[in-house]
Each structure stands twice: as structure tokens, then as C-alpha cells.
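In the two complexes below, chain A is the common chain; its partner is chain B in one and chain C in the other.
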Partner chain A sequence: MLEDQHNVKAWFYLAPALALLGIFIFYPIVNALFLTFVQDYEYLLGTFDGFTLLGNFKNAMQDANFSQAFLNTLFITFVSVPISVIVALLISAWLNGIKKFQGMFQTIFFLPYVTNAIAVGMAFAFLFNRDFGLVNLFLGFFGVNPINWVNTGANWGHAMFSLVIYITWLGLAFKIMVFLSGLQGIDKQYYEAARVDSASRSRIFRRITVPLLSPMIMYITVTSFIGAFKAYTQVIGMFGQRLGPPGNDKSLITVVALVYEGIDNAATVGALSEAAATSIILFGVTLVFTLINFQVSKTRVHY
Partner chain B sequence: MADNNKVEEKQVENSSVEQEGALAEVAELYYEDEKKIKRKKALRMAGLYAMISFFALFIIIPFYWMIITALKTTAQVETSPPLLWINPAEWKFSNFSLALERAPFIRYTLNTVTVAVVATTGTVFTTILSAFAFARLNFKGRDALFMLFVATMMIPGEIFVITNFITVANFGWLTEQTWLDALMAQTAPFMTSVFYIFFLRQAFKTVPDELYYAAKVDGKSDWQFLWRIMVPVGMPTIITITILNAMNTWNAYLWPNLISMKQEFKLVSNGLRDAFSTSAGRPIYNEQMAAAMIVTIPLIIVFLLLKKYIMRGVSRSGIKG
Partner chain C sequence: MEITLQNVTKVFQSKKAEETVAVDNLDITIPSGQLTGLLGPSGCGKSTTLFMLSGLLRPTKGKIFFGNEEVTPVPPEDRGIGLVFQNYALYPHMTVRQNIMFPLENVKMDKEEAQQKAQNIADLVGIGHLMNRKPKQLSGGQQQRVAIARALVKEPRVLLLDEPLSNLDARLRLQTREEIKRIQRETKITTIFVTHDQEEAMSISDEIVVLREGVTQQIGEPQHVYDKPENMFVAKFLGTPPINMFDGRIENGRLMIGEANIAKYDVKDQEVKIGIRPEGFKIVERSSFKVTVDMVQTIGRDTTLVIEKPNAKGETFRAIVDSEERVKPGTVLKLSVRPTKFHVFNKETGAII
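Take a look at the complex of A and B:
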């Protein structure tokens, strides 16, 4: 064990990180709470006009785009997370079952992780282009008339569909990597025992693979819920700062977009407080997700 | 889609077949010969490869569409139905030079590389020192402080961004922004990372205590021990941290967009998005995709070269859960 006490020395080693975390993480947490509860905050002067308990939350929720942003964010989260977790689980299980070309496929499935969300978002927008895109060409083989996914005047449903496909695509890589490394860590004895008991393949998957992988499934579910709830860059990637197809501006706005909008309008009195209130709401929702997940995991996860 | 279903059906069939297969292994006497089992196994493998290839195609197609579009002439781009393949002799490489003329991408790339180098150097340095303190030194409040650090990982970054913007403005890095101001604003908030401290601490913890005491007996100081023993041992993790951090900078969009007050201080993602959003009239898809390629390809090359470190780092980061 480490008998020696190194009090002074330890703080010396920690000093650089502590100073930076103090300024850019710990203080901002406290200050976000402060901003949330002051009235008419002006950031250039640092002045404010008294305190308010719910005023900024009210302002945030009365923002013209708040309900749209919240709805979009919930939609993105509850559609893209389950799909991508299940697909990633299947792909990683399949990958674990092959030997030849495993490395090559692993590399391919990892590619979305190392791509620039803006650049690939632009590529996706063009994939979904009504006249010149691959998606409509493909659908055309089945006799489907060209659909206006992302071009001028595209409706919410179509634009959202293409966005969710993109977000799912972008999120698969990390999940597959984590699941695959989890699968490779499972002791082969379990499978041999199951085979001796002549358990079917799907039964083995449900009764052995999934339970043994459950800590990772849990981790991935929590982080992807939080990640999906913070969707914003992906929307900019596909649709630009307009946050929606031309003629349907801001139809795909998200909660995080509202926070950044507030910062962009920092000079407006109270705008930062509104942004802070929105970010606290965001935190509250992600916290609830996390707690629910932990609650579920108590009965389902086998460590 | 129809093909897909067929394959899936095959999968289901195979699983029941496989059950029989497993039984056969146990009680060979009752069942058919080995040959049949082998054939079924081969069939199952074919199904497996078919499914994997199907999804791999789903991953590859956006890249393919980006590349092939970047090589088309405007007339070829605007053909409906779209052309799936262009004869290499007709590839229009001038799209790349046209894209580069649209926005100072070289400049943006230099900015991004500078920011990545400074932020990553800072992060690695502060991370090594803190991880060492948490992994090796014994001090009052260590566990409480570590818990506090880890707890911040639960908090969404948007909460910090608001105040960090105010802080950076108060430091005078936004008004009449100079190149140095911009660099400071881009890097200062990202000079350390709780997650990387956590990550490196795990690696440092694998260094046996005996080594530490041996070094002490040899009269080595903690500082020497850190740089001569711990850092070399933790090098794979440090390399992983370096790469992941540099990649994050390359992909950063929101913060740089917020705090670069002049066009020439922007990073690649911002430059890319801006260059093709503001132009009125018809978007020029081939140039747009050429620019997207210019931003995407360096990252993919880095990935292919350093695959080992990146993939290991990412899959390990999941195991901590």
C-alpha cells in the first residue's frame, strides 16, 4: 500500500488540471444555477435585477420554438437509440461469429466514428436529394415516386426520417466497438456448456450473450440516450444553420440548439439566463433517463 | 428489402437446424452423417456474411456517394436518375481546386491543426500529472476529489458552454480578436479532461507498487519515477488519448463557431458548413462534396494508420461502465 502521505506534493501535481477544471467546469456549474435564478442579466456588465425562482424557466418554455425543439429531441432520442442499440448488438454478435474478414468489417463499421459530422451530414443530405439522390433512385426500383426528403418545402416527417437515419448511422460505430469487445471477453465455456445442453442459437443469444453483455448494454443505452438528447451538430450537418429544409426553417430544431441560440443572442438582456434555464432542463431530463436506466438495470443487469 | 427478409428467414431456419446439429454432435448414432452438418454450417456462415455485408454497405454508401459526386461534372450530377458510376477518364478533379477557391480551406486546416496541437499537448500534460496523483500518491481527500471529478462527467457540456462563453469574453479574447486571442479561446477550455484522467489512472494503476519502491530505494524522485517509468508504461493509453483528442478538435463545430469572431480564425468544420450554406441560388453539389472529402479524408487516413490505438481506446472506454 501507499503508506506515505503526499499532501503538498499531490496538490502540486493536481494544480494544472484543478485550475482549468475550476474555471471551465466547476465554476460554470455554479454560475449556470446563478444565471437561472437571476432576472434581466446583462453579461457585458454582469448586472442583474433581483432573483426569480421560475421566471427564466417560464421564459425558456415560452420561446416560440421550445415545444417543437423538445418534441424533435424526444423523437430523435426514442427512435434512434433503440434502433441503433439493437442493430449494433446484432452486428457485433454476427461479427463475433466470423473469422475471415472480421478485421476488415470491423474497420468498415468503425468508419462513422472517425468522420466529420458536418461533412458526412452534407453527404447524407445529398443522398436524400429528391432529384439527384441515391435514396429515391433505390426506392424508384420498387415503383415509389420520388419523395421530397430534404429539398425546398419538404415536410417534417420526411426531413426527420432522413435525419434519424443519419444519426443512427453516425452512432452505430461506437456501440458496435463496445459490444464487440464485450463479446470477445465472454468466456467460451458458457457457450460450450449451452451447446452440450443443445440450446438453440437464439436461446443462447437471449439467455447467455445478452445477460453477460448487460453491463455494456446498460452503459451504451445510458450514454446514447444522453448523446441523442444533445443532438444538434447533426442537424447543422444535414440542414445547415437553417435547422430544417428550405421553406421549413427550424422545423428540426433541438433543445441544444435553443441553448446555443441563447448564447448567440448574449447581448440581449436575459438571453443567457434563458439559455441557462434550458440547459438545466436538459440536465434534468438526462438525469431522469439515467436514473430510470439504473433502476431498470437493478433487476436486469448481471454484473 | 425483399432480399433482406429472405436472409433473415434463412437465419431463423438455421437456428432451429443448428439445434439439431448440436444434438447430432452429442448423439451421433441417431442422426445423419457429418457431411450434412457441415453443409448446414456453411449455409449459416453464408447467411452471416450476407447480413454483415448488407450493413457494411449501409455504412459505406454515404462515403461512396460523397466521393463519386465529388468527381462528377455539374451536368453529370444533375442527371436524373443519378449516375452510379463515372468512367475514371471523365473524373473531374478540378472540383477539388474549385472547392479550395470557395473558402480558404488551407487556412482553416492550419488553424485546426494548430488548435489540435496546442489543446492536445495541454490535455496530455495535465492529464498525466493528475492521473499520477490519483493513481500513485496518497493524500487527504483523494477519493472524495476523484468522485467529484467523475461526477462532472454526468453533466451535459451545454451547462458549461454558457458560462465559458462569458468567461472567454471577460478575458478579452473575443473583442478585437487577434490570432492569439482566438487560439486561447479555442484551446483554454479544452486543456484537460476528466474522462482522460479517469482513463489514464486505470493504466497507471497497473504499474506494480514494487517498481515504485525500487525506484525510491534508487533515490529517484516522484517526478523522475513518473516520467521514466509510469509514462512509458502508460504510453499506449497516452497515444490513444492524443489521437482521440486531436480527432475531436478536427470535428469540433459548435464552440469554434461561437468564439471565432473573424472568418480567418475558423476551423475546418465551420469553414465547410459556411462555404456552402450562404450561397444563394442552386447549390453546387460536386464542389460541396469535394470540400467534404477534403475534410473527411485526412481523418480516415489517420484512422487507418493508427487503427490499433483508436479502436482499443474506444472499446476500452466502454468497459468502464
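Take a look at the complex of A and C:
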């Protein structure tokens, strides 16, 4: 009797959270799965013509932009994540080592985190502007002719390079913050012991700092991978709805952008199902890489 | 390797520019190949001195010599020292073997040779069978040995130990201090260790340096320092139970506590402080030192008598007598004082008279 009462109470306390989770998390997931396996779904009428196992996946893969979207997403992920993790690690190690102005630099490096991604994207688009941008101005000092990074007709390589630089920079802030807090938690005696043991600075970094920070590095790597697979806002921020430099529209389309396109065309029969299938594929890819990350961490992370 | 500190001073500056003198004009010579204990209450500058020897701290003033070589500006990695931290600072992600081999890898020693050396030193300290464990899987005493092995493996000129026994329980402490003594004897390495525990320092050191507020109080063999303290601080700091202090005076060449005549003492009349070791009392037939026993504690072979001081109401002192002597509380006793067990100090300066 008493236990029953407790149960009722517990559910009562959980109800608000469960209601919100149900509406905004569980229902959309179930609905996406449902959409993935129905044929000829009509959004406006809510009708469909039976079920299909692979039909929507086939449609999704036959989309003109499908392979480009995956290629771009994978490229962004595998270039920006390692670079930003390593750069963040080096910056935070350096920040942890300095005494003067540490607070000031910490604030500076943290600013991108509290700045709107779209606004930063527009700023970066201007930095990479062919005629007025600082990047070309800087390169000009070394006698490099102006490069068309993001303006009309810019090729995929240049546009992608600019995008990856921007995404890397945007991701640094949070990583630096996490690494710095991790570094500050490492007992200074390990460093003193290593100094007495005649370890060089680079060896101290590789053999002491990185292993002791490995739980943080693991956490950051996994969440960054997942975040990078979902890249979308950043492309919008730099290139707008065109998803690429003018004249080379959609050349920088990502998987999530592809999903949103499906939603935009929801009125078309089956378009929503196609978007749902695309999102399930993305989920599968993300899951696989996360599992690989965890597998690697078993041998590399020291808790 | 004889170690000399010449007028070494260390001043710490806080953020508000307040200065704290941790070590004040230290001028000592530490003998080669021996175990020397830096002893003092907390805050006396003993750890600071050790860290200055290691090079992790720079002296504000003064010079440090290893043998004839001045090492004051030499960074820790080039000093050839082994340092055992108070909480060992073993690298938690490395196995015992990797921990011990780390200093050798840093000097790019051949891997097989390094492995052999690590094994030899691990066997010496008695942890040779634990090489594949992580520090977390070891007991406190075992971790301590790993830390010593890691400090010794590179064959340092000097071994420094910071409060090596403070993290161990009482029994392990006893065992480990024998162990440290044995390792030191076998390796014959000049060893300096820091402790606040006078018993620990007395029991294993060849030589002790007593420090107080950054100033050397006395240097010498433990027993000598115990028997012939140069001031009241040293006399009070060494010995358990601690020495009994009495307000006394010298009158016509006689040492007096109240009306009790303690001994002949041929210096000019003055008020003094008298320190008498608890084991310095003897129960005798005839004496002017008459007291009443308050409490009797018999622990093992000793009987401790708690007795009210004859010239200070409410204050007590302790006397240790043979447990053969059956004494009951309330008994009136006559005491004499053994000639080598009392010390007379200047009332103001605390210096020995």
C-alpha cells in the first residue's frame, strides 16, 4: 500500500518532465521512424499508401544532392574536429601555463561561445571577401593574388576551406573551457615530479598532461563529432540559404540541410518521408562513429 | 655528496605584497652518505628548505652547494636529485614499471637497460612483484616504495623525502621507517628527509637539524641533541612525553624549585626555567623535593606519575618510574633528579645556562 503510494507520487513528480520529453523528444523520434517506413505520405491530408521497408531510403539516396551532402558533412567532421580538438588542447595548455593576463585571454577565447553563430558567420564571410577581406589583404603582403574564397563563382575547395576555418574557430571556445577546467584539476605535483625526473616540456605534455586529460578529450571528441555531423547553421551563417557561394549554389549543402529541404517541400508527396529517411541514415552514421570512438577510448582513456 | 647551505633565505610574497620569511639565513652542512632529518613544527620552513634543495624553489638569498659545485641557479632536472613527495605523486595512468622507468626514458636510456634497472631497484625496495599494477591498486606503503624506487632509479646524488611517513598508518609507519633506513644504508646515498615527528627523526636519522620559524636551532646526532639541547625550544620539541618545565631559581650555587633543592649549580643567582625529562626522576628516601602523587598510569613496562608542581598550584608534571614501584594516588613521595636529565635555561632568551 505504502509502496503504491510512493509510486503514484513519483510519477506525479516526473509528469512535467515526461510530458515535455514526450512532446518534443519521444514523439518526434517515433514519428520520424513512422514516416521513414510509410509510402506516399501526404503531409496535408495525413494519408499514406501502405508501408515500405527501403523505399524511402532509396528515394533519399537518389536525391540529386545526397552524395554531395554526405561528402560535405564527412569532410567538415573529419577536418574540423581533429583540428579544433588539437588546437584547443594546445591553447588551453598554454593558457594554463601563463600567469599574467590569464583571465583576459580566457575571456577572449570564450567570446565565440556567447556570440551568435550567424553573426560570426557573416563576419567570417567578410574576412574571406575577395576584395575587402583581411585574409586576402594579409596574403597580399606575401605577394599572393586575391583568392576568390566566398564570392560569386568561388570553387568548392576555397569555399569549404573558409567554412572549415570558421567552424573550427566557433568550436574552440567550449573545448578550451572544458580542457582548461580539466587542466586546473590536475595536481601540480605531477608536473613537479616530472621536472625532477628530467622530463622535457613536450614529454610532460604527451606523457602526463594528455593522459590525465584523456577523459575530457574523449568527452569533447565524441560531442564534437556528433555536433559536426549536424552542421547546418554554420553554412547558413556564412553562405545564407543558398548553401554555397553565389553561382555555385548548394555546393556546401550538409545532411541536415538536406533534411530541412525535405521539410520545406513537405507538400510534395513523399518528401517528408524522404527527409525522415535521410535523418535516420545520419543517425546511423553518427551512432557508428560514436561507437568507434568509445571503442578507441577503452584503450586510450585513463579514468 | 656533502651539501652546504650558505645563508639561504626564502621570502614568499603574497599577492598583497605581504612578505613571509619561510627560511631565514640558514647556514648548515649536511654530511655525505648519511640520513639527515630536517625537524620542526609545521611552518618552520623545513619543506621549503627541501624544495630549495630540489630546485623547485629558488632561494631569495644565499647559495646551495652539492660538494664543491654551486647548484643555486641549476634547475631541478639538472641537479641529479631524487624527490619523494609527501603524497608520492605517482603518475596514476602508468603502471609501477612505467612509473619507475619514466625518469630513465627521459634521459633516453636504452629500453632493455632501463627495464633491468627498474626491476633491480623495485626488488631492492621490495615491490618487484607488483610491476604491472597501477598505483591505485597498491596500498599506501607500497605506493611509498614505488615513489622511492622512482626517485632512486636514476641514481641521484641526493635523495630528498618530504614527510615520507605522514600518509601511513601507525604500524606501517614503524615498518617503513626501518625500510627507509635499510635502503639508505644499502645505497649509501646522501638522504635528507623532512618531518614534524621528533620520534621518527630521532629513530632513523644519523643527524638531525632542528628548525623553528626558518631559523636553525641545533644540528647534531639525535641522541646528542636530546641529551644536550642548546635551548628551551629544542628541549621541549624532542622527547615523548615532553620534558617538564619548571619555574626555578639559582640561589647560592643551588638550583631550587620552590623550596626543593634540585642540584648544585654554580652560576650567579637568577630566576631560571628548569627542564627535567620525565625519565629523570628517582624515588629516594631522603630529599627536599617532596610531592604528592595525583594520578598513576601504568602502560606496559612504565609507570607514569602525574604530580602537581610544588611551586605552581594546578599545574602538573610527569615522572616515569619503574613499574616495580607500586605507587598509589595520594602517596607522598621524595624525588631526586638524575644529573644528566635536567637542563637550566635563561628565563628570557631560552638559551641554555
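Criterion: the second predicted complex is superposed on the first by the 298 of 303 C-alpha atoms of A that agree within 3 Å, B and C clash if a C-alpha of one lies under 4 Å from a C-alpha of the other, contacts with A are read in each partner's own complex, and residues count from 1 in each chain.
Criterion: contacts are C-beta pairs under 8 Å (C-beta built on N, C-alpha and C of every residue); 3 or more make two chains touch, one makes a residue touch a chain.
Keep in mind the model is a prediction, meaning the values are calculated, not measured.
Colleague: Quick check for you: in the superposed arrangement, does A:I76 touch first (chain B), second (chain C), both or neither?
Modeller: In the superposition, A:I76 touches no partner, neither chain B nor chain C.
Colleague: Contacts for A:P215 in the overlay, against chain B (first) and chain C (second): which applies, first, second, both or neither?
Modeller: After superposition on chain A, A:P215 lies in contact with chain B alone.
Colleague: Looking at chain A, does chain C or chain B touch more of its residues?
Modeller: After superposition, B is the partner touching more of chain A.
Colleague: Pick one for A:V87: touches chain B only (first), chain C only (second), both, or neither.
Modeller: First partner only, chain B.
Colleague: With both complexes overlaid on chain A, does A:D187 touch chain B (first), chain C (second), both or neither?
Modeller: Only chain C is touched by A:D187; chain B is not.
Colleague: Please indicate which partner A:V196 is in contact with in the superposed arrangement: first for chain B, second for chain C, both, or neither.
Modeller: Touch status of A:V196: both partners.
Colleague: Counting only touches as set out at the top, which of chain B and chain C does A:R207 meet: first, second, both, neither?
Modeller: A:R207 sits against chain C, while chain B stays out of touch.
Colleague: Do chain B and chain C land on any of the same chain A residues, and which?
Modeller: On chain A, the overlap between the chain B and chain C contacts is residues 195-196, 198-200.
Colleague: Per the contact definition, I'd like the list of chain A residues that touch chain C in the complex.
Modeller: 187, 189-190, 192-200, 203, 207-208, 211-212, 214, 302
Colleague: Spell out the residues on chain C that touch chain A in their complex, using ranges where they run on.
Modeller: 54-56, 75-78, 81-83, 85, 87, 89, 91-94, 102-103, 106-107, 150, 154
Colleague: Which of the residues in chain A come into contact with chain B in the complex?
Modeller: Within the complex, chain A touches chain B at residues 1-7, 9-11, 13-14, 16-18, 20-21, 23-29, 31-32, 35, 43-44, 87, 90-91, 94-95, 97-98, 101, 105-120, 122-124, 126-127, 129, 131-134, 137, 140, 142, 169, 172, 174, 177-178, 180-182, 185, 195-196, 198-202, 215-216, 218-220, 222-223, 226, 229-230, 232-233, 236-237, 240-242, 256, 259-260, 262-264, 266, 272, 275-276, 279-280, 282-283, 286-287, 290.
Colleague: Residues of chain B touching chain A in their complex?
Modeller: Touch residues, chain B against chain A: 1, 12, 14-16, 18-19, 22-23, 25-26, 45, 48-49, 51-52, 55-56, 58-63, 65-66, 69, 77-82, 84, 125-127, 129-130, 132-133, 136-140, 142, 145, 149, 152, 154-167, 169, 188-189, 191-192, 194, 197, 209, 222, 247, 250-251, 253-254, 258, 268-269, 272-273, 276-277, 285, 288-289, 291-293, 295-296, 299-300, 302-304, 307, 310-311, 314-321.
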